[in-house]
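Each of the next two complexes has chain A plus one more chain, namely chain B in the first and chain C in the second.
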Partner chain A sequence: MLIVSPRMAAVTQEKQYTPSLLSFFVYNPSFGPREGEEEKKILFYHPSEVEKNEKIRNVGLCEAIVQFTRTFCPTKPAKSLHTQKNRQFFFEAEDSYWIVMIVKNPMVEKPNKDGKPPTIEYQEEEVLDTVYGAVLRQCYSMYKLFNGTFGRAMEAGGVELLIPKLEKFFYRYLQTLHLQSCDLLDVFGGISFFPLDKMTYLKIQSFVNRVEENLRLVKYTAFLYNDQLIWSGLEQDDMRILYKYLTTSLFPRHSEPELAGRDSALRPEVSGNLLHYGRFLTGPANLKDPDAKFRFPRIFVHTEDGSEELHLIVYKAMSAAVCFMISASVELTREFCERLDALVGPQLTLLASDICEQFTLNRRISGPDKEPQFKFIYFNHMNLAEKSTIHMRKTASVSLTSVHPDLMKILGDINCDFARVDEDEEVIVKAMTDYWVVGKKSDQRELYVILNQKNANLIEVNEEVKRLCATQFNNIFFLD
Partner chain B sequence: MEGDVRNKARASWDMGSLPPVECLRIERSDSPTPDLVEGTEPGAGQQAAMFVHSRSVEDLPAEADEDAESRVEPQPVADGDPGSSETFGTSENGLQVEENIIEVAQAPKESSWAESRTKEEDICSDGWRSHRKHVFVLSEAGKPIYSRYGTEEALSSTMGVMMALVSFVEADKNIIRSIHADGYNVVFLSKSPLVLVAVSQTRQSDKEMIRELQYIYYQIVSLLTLTQLNHIFQAKKNYDLRRLLAGSEHLIDNLLRRLDRDPGLLLSAVTCLPLASSSRDAVSASLQAAKAPSLVFSILMKDQYLHHMDLHLVFNLVCSSSSSFREGEGWTPICLPKFNSAGFFHAHISYLEPASELCLILVSTDREEFFSLSDCKQRFLERLRKRNAYQALKEAVKTPSYSVDLVGIPELRHFLYKSKSSGLFTSPELPGVYQSEEGQERLMGLYQELHSRLHHSTRPLLSIYRCGETENFMAWLTSGFELYLCLTPLVTKMQAVSAVNKLLKWIRKEEDRLFILSPLTY
Partner chain C sequence: MSEEHYLELCESPVQFEHASSVNNVFFDEANKQVFAVRSGGATGVVVKGPDDKNSIAFRMDDKGEVKCIKFSIGNKILAVQRTSKSVDFINFIPDYPHTEFSQECKMKNASVLGFCWTNWNEIVFITDQGIELYQVFPDKRSVKLIKSQSLSVNWYQYCPETAVLLLSTSGQGNVLQPFVFRNGTLSKMTKFEIELPVVPKPAKLSLSERDIAMATIYGQLYVMYLKHHSRTANSPSAEVVLYHLPREGLCKKSHVLKLNTTGKFALNIVDNLVVVHHQSTQTSLIYDIHLREPDCALNTHQPVLPARSIHPYRIPLTGPVVVPSQPPVPCQLYSSSWSVFQPDIIISASEGYLWYLQVKLPPTVNLQQDKGKLMDFLLRRRDCKMVILSVCSQILEGGERGSLPVVATVFDKLNQVYKEYLEAEQMYTLAMESGPSRNSAAQKRPVRTQAVIDQSDMYTHVLSSFTERKGVCHKFIIAVLMEYIRSLNQSQITVQHYLYELVIKTLVQHNRFYMLHQFLQYHVLSDSKPLACLLLSLESTYPPAHQLSLDMLKRLSTANDEIVEVLLSKQQVLGALRFIRSVDIDVLRQGWATFMIKRATFFIITIGGPHDCTLQLNVVMTTCRPGSSWTRRSRPVTRCCSTPSSGPSSRGTSGSEETPPSTLENTVRNTWSTSSSCLESNP
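Take a look at the complex of A and B:
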C-alpha cells in the first residue's frame, strides 16, 4: 500500500496554468495628447481596480510599441508584443481607437523543497498570434453588433456616452471569453451550414417568403436548425458575428425546454397546443404575462452608407430558430408579437419536425457507421462555411475537442504558413506523437485532417486523405 | 585584432628582419590606452580603401594583468560543450594539442566589405525600410554599436527607443521577446552588456532570429572577449564601443550575409571538402606530425571538438578578409566564445600557396608563437608533398562541390543532409533556378522555415512534406540525420518517397568522401 504524505505530494505536484486574460483596454491617443492628461486617453480598462498610474504606464507602452514599429513600416504597425510572461495584442478598431488585449502565457509552477518559492516556467510558444488576434477582432465586432461604432457613440454623446457603453458591454462580454479553449475555429470565425435536400430547402425558403410577406415590418430573416445556418438575408460579415452570438451565447442560455416535457414548469406558455412549440428567445418570455415587456435587443448591421439599427427577434420552435430583424425606428407592440407568434409558431413547429425527419432519414441512408473516422476541419473563405469533426460541441463556456491541444496548435501553425503565401499548398507532417496532420489549401478553401495511423507512410496517408476528399468534398479540387 | 593581422603581415613582408614580436611589444608599451590606428589593409589596394583599425583590445588599461591574459590557459568554459571540456586539459608547458582535420576553408567568392557598407542611407526612405533584415547592436545605455544599414548616428534615437522598450518591460520583471506586425517582426536579444535587435521581413521564426543574433553577439565577443566587454562597460556605462570595433564591422556584415545563405549556420554544422578517405588520412597525419608545442587546433578542415559556432566565427574571419591572408601569414587574436569567452587564442591563418584555395588555420594559446606556427605550416606542407597528399588535395579543391545531377534523381533540385554524429553536412551546388541572389535567399528561407517547424521547442515534428506551386519540399528528422529535399513542383508523393530512398543510398555510398567518419585526435 502506498502512502503519500501530504508533504511529498506537495513537493512533486506541479501546477499547470492555462492562458488567461490579464487585461483588456480601449484607448484613443488623441483624447489626451498633453502631458498630465494621459488618463483621458483611456476609455475602458479591465480590470478596473488597477491603479491609475499603472494603467497609464501600460497604455504608454502600447503607444510606444506602435510608434516604434512605424519607423519600419508607417502603414503596418505592431499587431502583437511577445514577452516572457504574456502576449499583448493590438488592434486599431477605428481611426485612432485602439483595443489591447493582454493574455498571460500558460505556465507551470514547480514547487521547491525547503520552503523556497516555486519555480515558474512560462510556456511562451503556446499562444498563437493568429488565434488571439482573431479573438480580439471578434470582441470589437461583437461590441459593434450591439452598439454600433465608437465613432457613432462619440458623435451622439461624446466620451460621456462612449465610456459607459464600453463598460456595460465589455464588463459582461469579457467574462464569457474562454481563452484557454480558443483555437483554429476562432481564426476562421466560420458558419456551420446545415446539410439539406433541395425539397426541404425550398420549403424553408417559401416559409421565409411567406412570413416576410405577412409581416411587412420584417427586413431581414435568418433561419437556423440545430445551431447550424440554413438561410440568411444578412450580409456575410454581419451574419458571421450574429451567428457567433447566437451559437455561443443566446442558444446555450436557452437550453431545450422541449426536452423537459410538456407539463414542465419550463414552458408554461404553451398550453395544450401540440402543434405550436414556438417561443421567443429574445423579448417577452411569456406573451400571456400582462406585464410582459416588448423590448428586443438592438443590433447594427452594415448598409451601403454606413449602418442601420435593428430589433433582433429570435424565435424558436424545437430545433429550428428564426431571427427576424426589424428597423429600430419602429416600436414593437404586444399586438405585433402576438401576430408573429400565431403566424410563425405552428408553421415553424411543422417545419422543424419535417427537417428532423429528413435529417434522420438521410442519416439512415448513409448510415451512421459509414461516418468516416476522419477528424478534420474544413473552411471556405468565400461563403464562410466551416465544418469540424474535431469539435464535439461548441458551447458558451468551452469548445471540447477530441484531439490533443498540441495537435490543434500544429493545425494553427500550418494555417499560419498558408496565410503568408497566396498560393495553393499542401502540407503533410508527422508529429512526435506519431499523428499525421495534413493541411490543404486550394483556392479559397482550407482542409485540415488529423490521422492517428502510427505506422502509415506518406503515400498511405495521402491515399486516406484522397478517400476523405472523395466522400466529403467530391466536387472540390485540391492540389495533389 | 585586425591591427595585429596587419602588423604581422607587414612584419613578415615589409620589415622582414624586424622580429614582429618585438615590434608588437614596443607598440603595446607605447599605447597603454585604447587607441585608433589607421592602416591600409594589405591586398585591399585595388579597392583603394582606407580602414581604421583599433589597436588590439588587449591593450585596454582595464586589463591589468596583461601577462596572464596573454597566456590564457584555455579553461573549459562552464557552459561550454562537454566535448571541449573533456578533451582539453591544461598542462604546464602548454602542450595541449588535440586536433583533427577538417574542412578546407575555401576562399569565398563573395568579396566582402568594400561593396557592402551601404551606410549613407536615409532612414526615412523606402529603400532603407525595404531591407529584408536589419540588425542593430546597442549598449545597455542605448548607445549605438552597430547597424547593418544606415549610420549609427542617424539611428541613435531609434536605438534609444529600443533600449527604452527593453528596460520598460524589464521594470515589470518581464522580458521583451519580439514584436509582430504584418510582413515583418522585430526580435530582441538582451545579452548584457549588449542588446541586439533584428527587424526582419523573412519568414523565419523568432527562435531562428534569436539564433542569428546570438551569432552576431558571439562575433563581437570573439573580437573582444567577454571579459573585456564586461570590463569596458563596468568601467564606463556609456562607452562608445564603436571605437573598438571600428574596422571590424565588415566581419558582422559578412556574417549576416552568410547567415542568409550558408545552410551550415542554419544546421549548426559545417561542410568538408569531398576527399577520398585515404587522402584525408594522409593530410591529417601530416598535420598531426607538424604540431608545435602551443598548438591547440589546426583547422584545415574542421574540428569535432570545436563548437560549430566558434568554427563559423573562424571561417567568417577568414572569409571576410581573404585577400589579406592570401598574401601573407595572418596572426590574429581571436576569442572562441563557446570554448572560452574569457581570453584570446591566436590564430595563424595562411593559404598554403598564395594562389591556392587552401587555407590553413592554426590556433595557439600563446601570442608569441607566431614563428613556431609558421614553421609548423612549412613542415606540414613538406610532409604533405612527401606523401603525395598535396596533389590529391589540390585535385579535390578543383572540384570542391558537386552537381545534384551526380546523384541521378531527375526530380531532385537540391538537398541538405546533416549527419548528426559528426556535425557535418553535405549539399550540392545550387541549381540554375536558385543561383540568383534572390533565388538563393528564397531557397534558404524555405529551408529555414522547415527547420524551425521540425525543431519547434514544444511541438517538434518528425517529417514534413510540403507541396507548393514552385517546388516541393520534404524534411525528415531521425536520430542519425537531418534531411531536406527540394523537388520539382510536379513530383508525386510516390516519386518523392523513392527520391528520398535513392538519395539516402547515394549518401551512404559516398559517405567516405563526404564526411569524416573517423576523426583523428592527437
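Take a look at the complex of A and C:
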C-alpha cells in the first residue's frame, strides 16, 4: 500500500513516497454521547480492518481537537491538523456529521551505510491544506450527488440505512482517490467549457429545447463535447460535481471501446442501426437485447425547496454526450429508451459532426502554430470556467501534468496567498530550475503561468505574460 | 370554423346601367372603363370606371350599331367601330374639332375583328387578314398607317399592361403569334403552339378565345390555357396550362394547375394568385405558381387551399329612392351572365356591376394546417403583415400551439424574406455611395413589402405579449426566443438588443441566472452598451453579472469611460488607474487619461469615502509621484521571489525596489505632470 510510485532521486538510492490515504471516516458525535457508546458515533471507517478501540480512539481525538479549537473561534473550527507523519482534515459536512481524512505525508527514505535502518525524512510542508481540504469536500459532494444528504438517509431509514449506504459508496470511491496527483485543479473544481461559435451553440440550444419539448419527462439536459461542457440546464453547483463524475469516472470508462475502432471486438455491438452512432453510456448497453435492464443511476440535485432525485441518462454519439435528467418518480421503460434513441440518435450524430467541423475550421483559422505554447492554468470563480494547458487528458486512474510537482506546489502556494485577500494581486516567483511562475488575480479570475526561459529577467517575464493575456484573454476584463 | 370564404367581391363596385335591348354595355380592358351606350349613342353614352368616381357622359350620333368602343389612353380620342370595315374617331381634346372622322382598314376584303389603343394616339386594327398600326392626328383629323403585318387571324387577345397582342392563327387556331408594341413600333415575337388535348380529324378551329387568357403573374407574362377534359385523351380532369411568354426568347410551357374536376371555368389573377372559378359547384380554387410542391412533378400545382365559394355578396339597394327598410338583395354568384376579365375583374352586365375580386387572408389561416406552407403562401401576398403576425401569435399561444420545429420553420421563412430585403437595401446603399451617376437607373431602391417582418414587428406584435402571458411555461418562452435569435443569426441578421433584453428579463423573472450566464459566456447575447448596463443593474440579485458586464464593456472597446466609472463606483480607484494605463494611451488620448485620473481623484475627494479609500488615494499619489517606490502595501503588488526547489517556501520581497514594475510609472508620470497641482492641493 505504501509504495505508490517511488521516484528515484539522482543522488543515491533515495526512495520517494508520495502522499497517500491513511484513513477516512465519518462520524456523528450526537449518536453516542454517553460513555461506552462511542462506537455508535462511527458511521464509516476506512480501513475497516482497524481494531475497534483504535477507531474509537481516533474518532475521539478528532472530536476533541475540533471541540477544543472551537473555543477560540466558534464559527470556524479547525480544518486540519499537521503532524510530522500525517495530516488530518476535518469537515463538518452536515450538522454534526463530520468527515475526516488522514493523509500520510510524503517522505524520502535515505539508505544508511553499515546496514543501519534507513533514515526517513517526512516532507510535511509538501502537502497543501487547500488541495486536500477540497478533495475531502469533493468526496462528500460526490456522495451527496448519488445518495442525497446524510440527513435524508437518516430520515428515511435511520442509521441502518445510512451505514450501508456510506459503505457501499465510499468503499468504491476511495479506491479511485489518487491523492498523489491532486493539485490546484482540485481546489478549483472547475468546469472546462468547449469553445464554440455562436451559431453552432444556438443549434445545440435548439436541439436541447426540441428534445425537452418532445420528451416531456426530461427535466434537465446537459450537453458536452470532447469531455467539455457546452450547456447545462442544471444549476452551477450540481453541474460542477456531475461534471467531475462524468469526466473523471464515466467517460474514461467508456472511452476505450471507442478508441478501439470499428472492427475491434472491444467495441460494443452497434445495434444494427447504421443511421446514427448514438448509444447509452448509462442504462442498457444494447437496446435490442431482450434482457436489457432499463435502470439508470440516480442523482440528487438542489431545488428551491431541498433536493430532488433524478434518473441520469447519458447518451453519446461520437464526441458529443448529452445527459438527460428525469424525475426518479417515473419508471423508465424500454419504449421510452427506444423513443429517445430514435429521436436523439440521428440528430445528435449530425450535430456532433457539425461541431467537429466547426471546431477544426476554427482551429485552422486561429492557427495552432500561431499561439505560443504557454503553460498556464486559468480559473474564473464566477462561472467555474477552467482552462489548463498543464494537464494532459484526464484518465480514470490518474491525471497527468506536464510539469514538475514542485512547480505545481508553487501554484498551490500562490493560490493560498490569493485566497487570503480580496484585492487583485500579482505574484512572480523565480523557481530554482530556471522556471518562472506568475500568478495573477483580477476580480474573480486567477491565472497561473509557468515560463521556462533561461536568463529571463523580471521585465521580460512580465512582458511575456502580457502577451499571453493579450492573445488568450483579450475578450475578458482582465487587468494587467 | 368561423369564416371560410377567402375570396370576396370588392365593397364598392362600379355601377352602371345594366344591359338591355336599348342599352349596350362595353368593357375596355385597357382603361378599365365600362361604356353604357343607349340607342347607339343618340340618347347618351356613359363611361364609368375604374373607381366609379370620374364618369364621362356624352352623346353621339346614332350611325348604326356600335360593335366596339374604346377611349385612347388618357381619354383623348374615342374610337368607335360600327362596321366590319372601318373605325370612327371622335376628338375629346378640348379646342380640337369634334367632328367624327373615319379610317378604313387597308387590306382588301378584310373585316376588322377589333382594335386596341396602344398609346394616346396610336391604334392597332386587327383584321382577319392581319394587323395594321396607325397613328391618329386629332388636330388634322387624319390617320396615318405606320406598319402592317398580314397573316390570317382567327381571334385576338390584348394585354394592355405589357402591350402584347396575341393572335390565333392556323386552321385549328392553336398557333399563337404574339406581337409587342413599344414606342410606336411593332415587333413580332416568336410564335408558339398550344398542345391540344385532341387533334380534330378534319382540321377545324378548336382553340377557342374563351380558353385563353393573358396575365402578368409575379412580374412575368403568362398565357393561360384552360385545357378541358376530353373523353378520348387520358385526362380525367381539366387543367390550366401556363405558358411563360418572355420578352425575348421562346415561349415555354411552364406550369400545370390541376383542377381535379370538369365543367365550366373562368380565370382571374388576384395578388399573383391564379383563381379558377368553377361554375357548377359555385366554388373557386387558388393556385400559387411560386409555391413549390415537393410531392408533385416539376411545376405541377395543386390548389393551395380547399375549394370555397366567393363570400356571399348583397347588393345594396341604392336607387334614386333609398328605401332604408328594404334589406339588401343577395347577389347570385357564379351567374352565367358574369363576364370575367383579366386580371381581377368580374362584370355582371345584366345587373350593372363591375367588381374587383379580392383575396381575404385571415380565413386562409385556418384552412391550411401546414404552417410552413401557410407562411410561404402568406409571405407572397400583398396585405400579409398583420395576418402573418397573427399566425405567429397563434402558433405560440393557446390551443393550436405549434411545436418548436414548426415555430423554427416559420421564423426561418420570415427571416429569409427579411434578410433578402436587408441585402437588397445594402446593395442599393453601396451602389449609391460608389457612384450614383453610373448605373442609377438600374439600381432601384428596394421596395419594402409587407412580407418584410422585422425584429421590431415581431417584438411589438408577438414576442412581448407572448412573454408576458400567464400560464406559459418559461421553458417554452425561452426556447422560442432562442429559436428566433438562432433564426436571425442563421440569416446573418444583426439581432437588436431589445430581443436580448427580453431574454434576460424572462430568465431573471424565473431565476434562471445560470442559463443567462451561459448564454453570455458563449456570446449568444451580443455585446452592446445597453445590455452591459442592464447586466450592471442585475448585480444586486446576481453578483456575477458585474463581471459579465465589465467583460462586455471591455470587448466593446468603445466603452472605456464606462469601465472607469464602474470601477470607481466600486471604489476600485487603483483598478481604474491600472485600466487607464492598460488601454493604449497614445498622444491623442493622453488628455483623456489625465481627465480620468482627475476624475478618480475628484471622486475620492468629494465622497470623502471610507477610510481605506482615502488610504488608496494616498497610495495613488505616492505611486504616481516620480521617484517613489512600490511597497508591499500598495497593490498591485509585484513581488519577485526565489524559492528553493525543496523545503518550506521562504519568499522574500527582495528585488521589488530595484525593478520598477513595467511601464506604469513612466506612463502615469507623464500624464501626471499636468494634473499634479490638483493633487497637491489636497492635503
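Just so it is clear, the second predicted complex is superposed on the first by the 442 of 480 C-alpha atoms of A that agree within 3 Å, B and C clash if a C-alpha of one lies under 4 Å from a C-alpha of the other, contacts with A are read in each partner's own complex, and residues count from 1 in each chain.
Throughout what follows, a residue touches a chain if its C-beta (ideal position, glycine included) is under 8 Å from a C-beta of that chain, and two chains touch if they have at least 3 such contacts.
It should be emphasised that the depicted structure is a prediction, and the values quoted were computed from it without experimental measurement.
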Q: Based on the superposed arrangement, let me know which partner A:Ala385 touches: chain B (first), chain C (second), both, or neither?
A: second
Q: Considering only touches as defined above, state whether A:Lys430 meets chain B (first), chain C (second), both or neither.
A: both
Q: Identify the partner contact of A:Ala419: answer first if only chain B is touched, second if only chain C is, both if each is, neither if none is.
A: neither
Q: Tell me which partner A:Glu125 touches in the superposition: chain B (first), chain C (second), both or neither.
A: both
Q. What is the contact status of A:Asp406 with respect to chain B (first) and chain C (second): first, second, both, or neither?
A. both
Q: May I ask you to decide whether A:Ser206 touches chain B, chain C, both, or neither, giving the answer as first, second, both or neither?
A: second
Q | First (chain B), second (chain C), both or neither touched by A:Gln236 | A | second
Q.
Under the stated touch criterion, which partner chain does A:Leu458 make contact with: chain B (first), chain C (second), both, or neither?
A. both
Q.
Using the superposition on chain A as set up above, list the residues of chain A that contact both chain B and chain C.
A. 123, 125, 406, 410, 413, 423-432, 457-459, 462, 479-480
Q: Give every residue of chain A touching chain C within the complex, in rising order.
A: 123, 125, 193, 196, 198-199, 201-203, 205-206, 209-210, 212-214, 231-233, 235-236, 239, 380, 382-383, 385, 406, 410, 413, 423-433, 443-445, 457-459, 462-463, 475-477, 479-480
Q. Touching chain A in the complex: which residues of chain B?
A. 123, 129, 134, 158, 161-162, 164-165, 168-169, 172, 174-184, 186, 199, 203, 206, 449, 453, 456-470, 492-494, 496-497
Q) Can you name the residues of chain A that touch chain B in the complex? A) 61, 64-65, 68-69, 71-73, 76-86, 123-126, 129, 406, 409-410, 413, 417, 420-421, 423-432, 434, 457-459, 462, 479-480
Q.
Under the stated contact criterion, what part of chain C meets chain A in this complex?
A. 403-405, 408, 475-476, 478-479, 482-483, 485-486, 489-490, 514-515, 517-518, 521-524, 543-544, 547-548, 550-551, 553-555, 563, 574-575, 578-579, 581-582, 635-649, 651, 655, 659, 661-662
